[in-house]
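Heads up, the next two complexes both have chain A, just with different partners, chain B and then chain C.
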Partner chain A sequence: MTLTERAAAPARLPAAGARFTLALRRVRGQRWPVLAGGAVFVAVVLVLLLTPWIAPFDPAAQDLTQRLAGPNAEHWLGTDHLGRDVLSRLMHGGRFSVTIAAITLLLSALVGTLVGAFSARVGGLVDEVLMRVVDLLIAIPDVVVALFLIAVLGTGHSTLIAALTIVGWTPFARLARGLALEINGRDFIEAAEALGCSRTFIVVRHVIPNAARPVTALGFLRFGHKLITVGGLSFIGLGVQPPDSDWGAMLLDAQPYMEQSTLLVLVPGLAIFVTALSVTLIGQGVEPRTDDRA
Partner chain B sequence: MLRFALRRATVTLATLLVVSLLAFLIPYLSGGDPARAVLRSRVSDNALDPAAVEALKADLGLDRPLLAQYVSWLGRVIGGDFGLSFTSRGPVSELLGNALGVSVTLAVVALGTAVLIAVPLGTLAATRHGSRLDHGITLVTQGFVAIPEYWLAPVLVLVFSRHLGWLPSAGWETPASLILPALTLTLRPLAYVLRITRAAMIDVLAAPYITAARSRGLGSRATLLRHGLRNGLLPVLTLSSVWFAGLLGGSVVIEVLFNIPGMGQLVYRGVVNQDIPVIQGGLLCVVALAIAISTLADLLGELINPTARVRHDAH
Partner chain C sequence: MKPRPHEPPSTTPRKAADATSDTTLDIRGLRVAFGDAAVVEGLDLTVRRGEILALVGESGSGKSVTARAAMGLLPPGARITGGSIALDGEDLVGLPPRRMDRIRGGRVAMLFQQPRAMLDPTATVRDQVAEPLWLHRGLSHREARRRVTGLLRDVGIPEPERRARSYAYQLSGGMAQRVMIAAALAGEPGLLIADEPTTALDVTVQAQILRLLKRRQRESGMSVLLITHDLGIVATTADRVAVMYAGRIVEDGPVAEIFDAPRHPYTQALLRASLLRTEADRLYTIPGSATRARELRRGCRFRPRCPVAEGMGVAHSCENEEPTLSSCGSGHRSRCWVRPSGAVGA
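Moving on to the complex of A and B:
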């Protein structure tokens, strides 16, 4: 979108649903990756939502007579080392992986956008210090922050979410600040200031709605990374704890048996890959170059 | 410029101080008693003699005010003394030194491979912006980003170690044992560096000075190398520095998976064994390195392109 187009755009955007269709219609170049990504992700979410009703078995039910069975009519994806149904475990595990990644992203986007928008609005020393802190936090690997929090708080879902949010908000802050500076220079902001609107009002009603689309796109683009990190922590035994299990924990369980049953290793990894890729493709379509700006 | 550098140094130091305070407080934050933790690590007995705990507290100065303890702890840490590991009983600084060497090797090989492949390919994609080749490269990088490394690694081990027997499946004894972990770690930085090279080069190649250089009759390759790459490489440098720091301390999963004695595995073992001095030392070391690398990259960037600072501030 050119600058004139941006300037001509209304200050307030239409409702979320309409905004999303608009975004999709604006998709440039090749459209099929976005549509494919969207279709796959909707399918994944539907399956995960319906899991309690459609999963063929109890994910914890063991059948020791059927250990490491290959795919068959009863167990579509075979069974694991305790004779548990892999398909059911995959469906139940996905609920943990995807939910934790999504909550983390929502929190990160919320905190980051608020910090970035206000930082740009306030400016001066506050802005400089905040952005320097963002620069430094971005450099710290999120797994290390997660390990630190696990050492202090112990393992658990809330520890995971907290750890990934502490580092995760920084790219959103950087993006939102850049966008806010751009938006602040536009005429409707000057008009709002002339009308005597407060700083908070301007940020909440004008700056944030206008930054919403790129921020949403960044959320989609970072989803895969979060999903992989959550799975990674579970894979080294510090994420989702037994008796619960997510895709990373399934991979950990499958490790010793990978020569007997390759499928056991392939399936959870493919689930992460397909889900992560589908969401990335959506993000790429909503706003192609967002990731380079954050 | 001096004022700018001073302010930056102040924020950096303040961040380091906050992190050091957090590291110092780990045993208190986790609700434990450091004296009991030390003693338990020595006698591996949960029913501790209260008198022994008190004696150790006085001995280690743990009965002093928290602030005084922090100051003396910080003094020792700055001097490179992180205390003794609860599990190995050796000095933590020695463990950190050994692990750091391993992690630096792994990070340099993985990131070096990534940059060497990503920069030429990204430039190629940018010069053929919008072509089928460009779309193909973009799609492949998106695929790379979505691959969990703890899935790729077992699959590679299965193929190259178990079935073909070409490469070792774990360990850090021979140079060959570097190949699989480095290969797994390369993909994600490769994708990100490629993407940013492509984006930066598309911007640069659209700039008026490129047209000017071309119109003066400069060949397309010379234009690309002399004017294009030089201006386009700054974001690549910044991003690579972030990835270097990330690989140094953040390759926990791969180091555990391949049993590589690096920083990631050291901190992981520290957390699993509740080895507090190791966690403290590891955390401080990783964070300090990350901050140092990011500051160094900023300075280097300003040397290459002094206008970048102005642009960054105005952004």
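Moving on to the complex of A and C:
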């Protein structure tokens, strides 16, 4: 390829058949931490999806003759204080942890982005009040606010998700507002206005899509935080309730026995750590790229 | 209409009836201010049905502000403080935003200087051209997207089906302006305001875009308000021309008349300073600058730079009272005390 051909290349339109090749090149162009994070996360998700079929034991089945057993051929990661299979509990628990973290993250991102983008568009007193609310919520640690909400609303999956969304939308709102203020000043917004698009239409069709990349990057960064918050609430007994359990609840169960079986706390702890890390690494691949805007 | 201080009355009162028949846009006594500073003052401008009116003037003369006022898209801080802007007889000043949204893109559309920056980088050409179709013409999402190909073909875009899938960064400036024209015309507006649509394009592309505009204007019978500072564009494209200086119209009339027999000293100077007329071996420049013209409390705003005032013995009038925009030929008006005969008009 000559220099001039290379310079002309980005302006060329991809033929229909070239889509796959382009996608492949995009994957290959990523740095290895992004690929490693992606691979680990895909593996975790696959295992969690297939859990009902591949988990070796019923996670609630007790075998009191086999309490606190170490890893063996039957129980690969040993058993807990009630003789339940740790691997099966890890797989089933992960379904709760990851799903709740993902749902609250999506809701937080959605609510935050909408509030931030509209706040920037409307401006004035509304904007001022909303942003002070955001400041207030950001100043108080998430767990404290979530604790309060759970105390008021009671425990349960939906209240857990609601509480975590209420504490989680603020960083997205702040980011989306900043981005929207910048995007509102760009020329194509004026062009859209000149075509008769209403404010709401412009926010939804033009402002939010242009803010999507940084917001997505923040989403990936916040996933680990969500996963840890869900685990933390379960660990203090306010998250996922028995008979269900997630990784945080497993840590809570394991804590009195950690001297007899270190593995019992190590396994769910590592699961949280590895999953959170993998998603954070993927997020590095979503950083705003300047070459998109020629 | 709000009272207009230090303002001569509009000179040629027309019957209200013809405002709906042969005029598309009728701006009367428009005043636009940033804070206390008026950038446009006492502006009268009429665009007739089916004509291309060129609005010329140097940077800062208020051309773009006038266009944006007509679109209801003034930048933050700017306000219309007087006058009326009638589109097909309906005054747009003070219309509620929702009503204005329906007019923009539907009855009046706009083209801009930087076509590539005017396209949303995250949306495809198809999505953007389809917007006015379903906002203003009530087409379904699917139907609107289907019609885009035809609209792109109408503005001379090769391989419209493929181009419809591309993004702004994949288009050249000329191609992007064609897309913007397609989007602007999608709502079938009666008036197109083109704010220096070819300034950012290179010369050959400029000519193509102007030919396209003219062709589409003839086909649809719409009116065009073409804002430019390039007199070459005026000569080849427009039917009539209005010359703006320091926030008001100083001369207007048919293109041939103005080019052959400019009345106002500013228009004469503009023509001498353009490359259309090479007089001697060097290009004429107008002495002074227009920056302080708006601060003049009284008298003609062009007087400080005017080469004619002193010699004609009307300096006293020029100094003390602003001339009105008055007729000096068929459809030709000029804002100057010096009359063609050399006599001093009143």
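Brief remarks follow.
Here is the rule we use: the second predicted complex is superposed on the first by the 257 of 294 C-alpha atoms of A that agree within 3 Å, B and C clash if a C-alpha of one lies under 4 Å from a C-alpha of the other, contacts with A are read in each partner's own complex, and residues count from 1 in each chain.
Everything below uses one rule, namely that a contact is a pair of C-beta atoms (placed from the backbone, for glycine too) under 8 Å apart; a residue touches a chain by one contact, two chains touch by 3 or more.
Not measured: the values here are computed from a predicted model.
In the superposition on chain A, A:281 makes contact with chain B only, not with chain C. When both complexes are overlaid on chain A, the residue A:198 reaches chain C alone and has no touch with chain B. In the superposition on chain A, contact is made by A:224 with chain B only, not with chain C.
A count of residues in chain A touched by chain B and by chain C gives the higher number to B.
In the superposition on chain A, contact is made by A:206 with chain C only, not with chain B.
When the shared chain is aligned, chain C comes close enough to touch A:190, but chain B does not.
In the superposed pair of complexes, A:48 makes contact with neither chain B nor chain C. Look at A:268: by the touch rule set out above, it reaches chain B but stays clear of chain C. Contacts of A:142 after superposition: chain B is touched, whereas chain C is not reached. By the touch criterion defined above, A:91 lies against neither chain B nor chain C after alignment on the C-alpha atoms of chain A. In the superposition on chain A, the residues of chain A touched by chain B in one structure and by chain C in the other are 292. Chain contact summary for the complex, chain C toward chain A: residues 71, 73, 97-98, 101-106, 109-110, 112, 114, 117-123, 127, 131-132, 135-136, 162-163, 165-166, 168-170, 172, 180, 183-184, 187. Listing the residues of chain B that touch chain A in their complex gives 7-8, 11-12, 15, 22, 26, 29-30, 130, 135, 138-139, 142-143, 145-152, 154-155, 158, 162, 195-196, 199-200, 235, 241-242, 245-246, 248-250, 252-253, 256-257, 264, 267-268, 270-272, 274, 279, 282-283, 286-287, 290-291, 293-294, 298, 315. Residues 29-30, 33, 128-129, 132-133, 135-136, 138-144, 147-148, 150-154, 178, 181, 224-225, 228, 231-232, 235-238, 248, 251, 255, 258-259, 262, 265-266, 268-270, 272-274, 276-277, 280-281, 284, 289, 291-292 of chain A are the ones that touch chain B when the two sit in their complex. Those residues of chain A lying in contact with chain C across their complex are 10-13, 186-188, 190-199, 201, 205-206, 209-210, 212, 292-294.
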